[in-house]
């Protein structure tokens, strides 16, 4: 099954809410995608799943990643780039079975004004390095706290429109 | 004391050897810098030191970071960018006392051909976002396995020359 | 005299208005800076001032660049990055007398939402490559058409505040 | 016809030699691509073909760009990024008929050690902004003066191998 990666292990994150929105919209289009939340990373991943090691906990995650052919990465802005937690996840995944020659759509999320432009650009570099195809239409959602209502829907119809367009493109990609 | 950050928790890393080289050269110039190796990060840092939490283990690290005014970051290339472990360290550090208005010199290290140009550029974005001054002279060391001899010295005199120039600049910076 | 570079040759550009605002604010702080507008580039610069050639028209520009020790670059967003006209100007300038070891402050301008985050990041890479010190505080001004009033002042006091802070930093830099 | 863009107007450039190599290899695979050398840009393009203007000279170029569905950009490193001449070309092209939803393969060329990693990354940002699909396999050719022999062939078989792989991918892309 294809995966929506919620790119932080912060509990109750807006990124997970955005991931859920994407999952719901994909389902409306007849596409069943699974969410992989980085909340589920092993707490001691730095010790258990890098440099050739592999824990049982991560093996379950790795199995899902290996099977998926397309990914949507929801990427919050941490210190002006992608979260360390997201890169640790990527660094822990097996190479090249995880991402090479697969497809990615990227979604930047920020509390501030710029929707994580820089972090999404940095992550594009990571994806291309791993030889992933990156969908050119990237979504940037600034002011995320104002953007999502209590039902997890976007307040701004422009945002919904672009997200919808991106979803159509990743489905056809 | 100023800090040389060895930017990976991989045991026996070349980055730590490079950090040691910098420490030695700085000492020859009368500058005592301390190495902070990311080997020393708490194994469960994802759980203990993000989003407002703080462990005793990291408190010791944080105290050193808070005091330092200058940093040399040795940054190996992982999946075409900086390591997740390095960004987790940055994400865990207190804001703004850790890095804001301080100074950084960057050193890229790779087993491949390009000396982590991209990862160093990405990390420049992170540093500038945190309002750190980044020394324009950045060092890129490709083919690191051939570059260091058994005593941890650079085989190639051009590398030593540029490292020496960078060290002079960070001392005066 | 230090230079404010208006980074486009488009006539009547908002970048030139922003450059004028910086000039006025600097003057209020007792700093006389000169504007260099890329409107003044030779029209056939591609033919007359690259790869070792030098026209009389550009010689006047080069003389000003060679003397300046600090630069403020006002950089509009063209196709998601800095303008070709700005990079042609940089490519035409003599090396290393123009920029090496000098200082730069960067200002991104866009009609859209993101204030040229990407173009300013790209230009940071160019500046650092030329071994220019780049001020970490970079200003991003989105929606520029709404941001400037008919007198060339910023409507939004937050923008004025950050611009003022950047100006103080470049003066002390 | 699809286009190979030689990304500089420098006469006798190595980029044009690389473009010719790609053209020849494509022909061997039964693909007829045309080279568009930026030597052919109007000398006064800054004045004649930006901001809504269009010269006869550029109209011929624009017609070729509008028809092409795939592009190979050969991008030399100028001041640590892509050439101003290449970005002026992009800025002059009509939007969105030139590049949107089309496909690009990128080739970095440098006289120095790093094969224009940074410039190719920057240009990826430009392409993605224009909603071009960028082939993840990007080629970086450092030390270009040693790399090409007098017949315009690559001396290093590793380079030929990766170029060949990239060509296969852009043909199928």
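Points to keep in mind about this one:
Order as written gives the chain letters A, B, C and D; numbering starts at 1 within each chain.
As a convention for this text, a contact is a pair of C-beta atoms (placed from the backbone, for glycine too) under 8 Å apart; a residue touches a chain by one contact, two chains touch by 3 or more.
Just so it is clear, the structure is predicted and the values come from calculations on it, not from any experiment.
By number of C-beta pairs in contact, A-B leads over the other of B-C and A-B.
At the far end from chain D, in terms of centres built from Cα atoms, lies B. Note: centroid distance chain B to chain C, computed from Cα atoms, is 31 Å. The centroid of the Cα atoms in chain A and the matching centroid in chain B are 27 Å apart. For chain A, the set of residues that touch two or more other chains comprises 118, 121, 125, 128-130. Chain D contributes residues 113-115, 117-118, 121, 140, 142 to its touches with chain B in the complex. Listed in rising order, the residues of chain B touching chain C in the complex are 121, 124-125, 127-134, 136-138.
Residue ranges on chain D touching chain C, taken from their complex, read 9-11, 41, 43-48, 50-51, 78-92, 95, 118, 122, 125-126, 128-130.
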